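Two complexes come next, and they have one chain in common, chain A, joined by chain B in the first and chain C in the second.
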Partner chain A sequence: MLREAQPLTTGPPGGRGPGLRQVIGPCLLSGAVLAAVSAVAFGSGRYSVPLDHVVQILASRIVPFGPGLPAAEENVVLLVRLPRVLLALLVGGALAIGGAALQAVFRNPLVSPEVIGVSSGASFGGALALLLGLGPVALVGGSFGFGLLALGIVFLITSGRGGAHILMVVLGGIVTASFFSALVALVTYLADPFTTLPAIVFWLLGSVSTATWAKVLVALIPIAAGGVVLLALRWRINVLSLGDDDATALGLRPRPLRWAVLAAVALMVAGAVAVSGVISWVGLVIPHLARMWVGPDHRVLLPVSFLLGGAYLIAIDTIARTATAGEIPLGVLTALIGAPVFFVLLRRNRERIWDGA
Partner chain B sequence: MSIPEANRRSVLAAALYGGGALFLASCAAAGTAPQSSPQSTPPAGTAGTAPPGSASGPAGIQVTDQRGTVLSFDRPVTRVVTIPMPAASLLAAVDQGASHLAGMHNASWVAMRDGAMGAMYPEALNIPHDIATTDFTPNVESIRALNPDVVVQWSDAQLTAPLEQAGMKVLGITNTGTQQDVDTWTALFATMLGRPDRAVQMKARSDGQQKAIQAEAAARGTGGPGIVYFNRFSGGLKVAGNGSYNDFYIKLIGAHNPATGPQGLQGKGMVGVDVEQVLAWDPEIILLGNFDDAMPADVYANPVWQSVSAVRSRRVYKVPLGGYRWDPPGQESPLMWRWLTDVSFPSGNRSTLRNETNDYFDFLYRHQPSAPELDKILWTEANGTSANYRQFDAS
Partner chain C sequence: MLELRGAGFGYSPQNWVFKDLSFSVPPGTVTAVLGPNGSGKTTLVRCAAGMLAVQEGAVRRSETAGYVPQARGSTFGYPALDMVVMGRARHIGVFRSPGSRDRAAALRAMDRVGIAALAGRLFPTLSGGEQQLVLIARAIAGGSRLLVLDEPSTGLDLKNQVRVLQLLRELVRTGMSLLVSTHHPDHALFLADSVVLMGAAGVVTGPAGPLLADAQLSALYGVRVSTLNYDDEGTPRRTVVTPFGADEG
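Presenting the complex of A and B:
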């Protein structure tokens, strides 16, 4: 029988946490991983650009120097790879930090944006915008609005005395995700099979292959806004993860705080889904990996999840665009890699996750 | 899009969004298929090798569809329902009118409404078209209510069995993305309609054009431009790979397709591709298909593509859209071959394509497009800023 999970934090949440060094250390190391992965991503691609040219092209944006390089190489680096890497960073980071925050708020280690229906809701909003040909603003707005609506439905289903029981979270997520999946199916039913439908299917499969600077901006605004809110609330999220009674005893008002966190996550996930479609597993795998490394304190866990999530998706996307001459859908790769990785994590940490089950 | 791709999509969608119904349907189809085709007795030794046959005589009309199922009719059919996308316009071309079209897929109807067919046969826009889902699953009762003599459907047991179980005759067709498909469908439709001569005429003209194009290509020798056809350009790139019809006609005219060359793609049909790969191919001509709304201006304005030869020489073209799209195989394909030859190997003189299109449309549809209709078919405005396209101007 399923039981409620252990609180995701240990120790006095409102008391003295890790020192500055303990926060900065993992963040710097995560940042180094991100930088290394990004360097590989910049140097890889089907169009051959020597690594020194890549460095020169990127550096020339800051300090103009030396003779100009071929325009084709500049286009590839600045207009193809750079926005693509940045978009993967934003989307991967948003999904990972969103997953980490949701797991704390729901006090459940198996929650992710996909499990609780946010992605399905955002998918429907985006697919509807594509069906109606409403343009990129409606795509983002539809994704955000319906992502938020889905989250609200799950929250209403799971709220009540005793917090969010694991079974209620799972059931609420299934109900909401199924409902919006049915609406997505309705949209695909109504779409023209030879024109609109392929665009919807491609978007639903998840990809950052259509990255442009405009899309980076579209993703940056909601993801940065949501990320700032989550990071600002990082210690309060620690308190929330102990449960409403403890949070109240420590002087917090759990319900409005929880709504603030959920809205921030919905904003980020909707922004990510709007520019890249549904990319699964990142929000589940990366927070667990990060938690195994830095522990359950969200003051460290949240920024590390963002950085590792970004690095992970950049790495996956680099594989997607370089492994073959064709383009492999990103959502397929993240699921193919994420599912086995998560299986291993579950096997290794079952006691911590399942409360001795 | 090829039909296998459409079927993959439908299976994926069904699996994702409630595949239980599909599972049950497939179980039902598997269990009843032997009874659903009592006439399925193709002659031994011919099925799978010889093209589907057709015959007519005093005793009536018999056709063998692409499943090997033999269909018998006492008289030429007068009420045909078509579910596969290209079948409605092909039937109209074979029949030189839409009066025997009793129903069609909504996507066919939309293509008629938005293309030249709607102008040629405005009465066709009143034909019922809410008869099947986007994945071609038939609405049996809607189709039954139309009282068709025959229903044209893709040769998939899950798609044909419900219709046959309801007592309707089903002509199953398959799509391998080749010119032979069009020839076979034309022969089947012509025989059912009691006009076998039309199939002979249409094939003769198609074969004649193909030989002429081949002869011109042979006379020019090797060294034709590299052409990449984009099935999708907006929202992710998809190009024509191995086994696609587009690859066939690119090579037919004496050009080459980098997507199927030494640095080509592994997959078949329309394959998703990274923009860097296209930049590495550096095609000399880019063709934008009619399966999305991308136009040459979109490519010219996009800074990512500025270094590509096709953009620098302004040789990006939207593929024409006539009675049906010219991208996939169809009854207007001979015109596509001529158009592609003219844009790929411009002679410097005015093209004869407008006159040829008038003549061919008269032969196919008994309709000669007006000058504005021809401009719309050839996308003369959208392609107007591309190189060598003035050869298609009206005067």
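Presenting the complex of A and C:
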């Protein structure tokens, strides 16, 4: 009787091999992309450093070797460009992995970290700190605190009856985002147009130009904490991406799981906004790109998104500081580049994007 | 083994979908849930599977039920094997990923359902019938001997309907117990040992033979239903027809 139940269409037999090899290949490849982009970023700029010198300077931090290099080259690479590259890596990676996770739990291709309101909350916190002239610690703390507050508000909106619905979370995010956007507008209206207003506006445009080792540390803690949670939940996120019904049928409790993912993303995004302002589009474009390459399995997609997001932002930042004599704000470039790239991707892969085929 | 005792569920107070409902599904048997659209079939099977909590009475399950939802495609294009492996979720720790034993269980389940060759295909590219079989394999891979299926034959063409029904029959022969909701009384006639009829006047439960008769089915659906006997390669079976009435003129 089972003989009759042969598949109507045959496919490749056996399917995919065990997870590990599938994860390592794409990760190594995107890691190589990241390394290549970083090498270029270390070398280029107003003071250019040859590639072999870059390698030697970085390697001799661990094992000193080779002839001594000009102190200026060492200072440029280690004190100026290394923190900047690391910060771009952390911020770009956080936004991309966060976007990938959010798209999974909301099962929606248009979701990005901005949607759950955390970016708006964090930008208000930072703008408020700048308005009050409270200094860098308050800037970071304010972004962070209000980013998490925004998530708390979304949580409150959806915690009542019927709030379990995904649509309620998205609507709650939109409501929260527009509320905090209004507060940001109020802050810019109140700001002194000759001193604090430019500072607020440039911070909101997004940049990693003020990178320091302290900022790298500030970003690293929440981004590493959130990233570890997301990577630990990578397979659970696969199950969650089937929808609440299927996840429940498979024995999971989707609500607490989803909130764990949302809280981890909020932590990462708040950390990113705190050190770099609002950088849009990375969380939307990179996960799509990565999904087209490695498919929707989050065991591969999440680490690859992080590495590619980091590489992307390092590349964009290098363009931002070398293309003109001044600095083009990062948020402007990511949008200028991200939007058309996304448009082309959508046009060329209308059906395939979502299937990961 | 599945047992409902005095179970009741309503989406709002005083508006019960079903109330004081008792029946059981012993091992190696099939209970079919029949009723017109909106009668609460899906609500009942979801309560039975533990996806919804009953407000009155009790639902007892000897083990966690494997629930098979209606196939509706999926947002992400996971390979069929990955979909089936997800059936192992309840056996895999929160921070862990499936291992080779989970993959082996999934491949066994796909083999049992007869879709081993689909393992590498992407779920959204499969036909409706194949998707349904993948979802059944996913429930089997979870290791449960109790399956609850929500309209497994709805939306399938005739060939795939036969394929799914024969598969379910085969599963019951190996001792599994099934609760199946369906729009097709003839599928219940083929499969079911007992039936739950969810009509406007209330819910009736009992053995399939006497309840799947002309009068009961006509009352249930509010339209004339006749059962006919036929010979299926030597096996006597019954099916249903809905007489349309004589042609005019």
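Note that in this section the second predicted complex is superposed on the first by the 300 of 357 C-alpha atoms of A that agree within 3 Å, B and C clash if a C-alpha of one lies under 4 Å from a C-alpha of the other, contacts with A are read in each partner's own complex, and residues count from 1 in each chain.
Here is the rule we go by: contacts are C-beta pairs under 8 Å (C-beta built on N, C-alpha and C of every residue); 3 or more make two chains touch, one makes a residue touch a chain.
Just so we're clear, the structure is a prediction, and the values are computed from it rather than from any experiment.
K.L.:
Looking at the overlay, does A:60 come into contact with chain B only (first), chain C only (second), both, or neither?
P.N.:
neither
K.L.:
State whether A:249 touches chain B only (first), chain C only (second), both chains, or neither.
P.N.:
After superposing on A, A:249 lies in contact with chain C but is clear of chain B.
K.L.:
Quick check for you: in the superposed arrangement, does A:22 touch first (chain B), second (chain C), both or neither?
P.N.:
A:22: touches no partner chain.
K.L.:
Which holds for A:104: it touches chain B only (first), chain C only (second), both, or neither?
P.N.:
The answer is second: A:104 touches chain C but not chain B.
K.L.:
Between chain B (first) and chain C (second), which, if any, makes contact with A:297: first, second, both or neither?
P.N.:
second
K.L.:
Now for A:241: first (chain B), second (chain C), both, or neither, which partner does it touch?
P.N.:
It touches chain C, and chain B stays clear.
K.L.:
Hey, what residues of chain A end up touching chain B and chain C alike?
P.N.:
In chain A, nothing is touched by chain B and also by chain C.
K.L.:
Give every residue of chain B touching chain A within the complex, in rising order.
P.N.:
Residues 1, 6, 9, 12-13, 16-18, 85, 107, 110, 133-135, 232, 234-238, 263-267, 271-277, 279-280, 291-293, 303-304, 306-307.
K.L.:
Contact residues on chain A for chain B in the complex?
P.N.:
45-48, 70-72, 75-76, 79-81, 181-182, 184-185, 188-195, 197-199, 201-203, 207, 209-210, 321-322, 324-329
K.L.:
Show which residues of chain C lie in contact with chain A when the two form their complex.
P.N.:
That would be residues 49, 51, 64, 67-69, 74-82, 86-87, 89-90, 92, 94-98, 100, 103, 107, 112-122, 124-127, 129-130, 133, 138-139, 142, 159-160, 163, 166-167, 169-170 of chain C.
K.L.:
Within the complex, which stretch of chain A touches chain C?
P.N.:
Chain A residues touching chain C: 1-2, 4-16, 18-19, 104, 107-108, 232-236, 238-239, 241-243, 245-252, 295-297, 299, 354-357.
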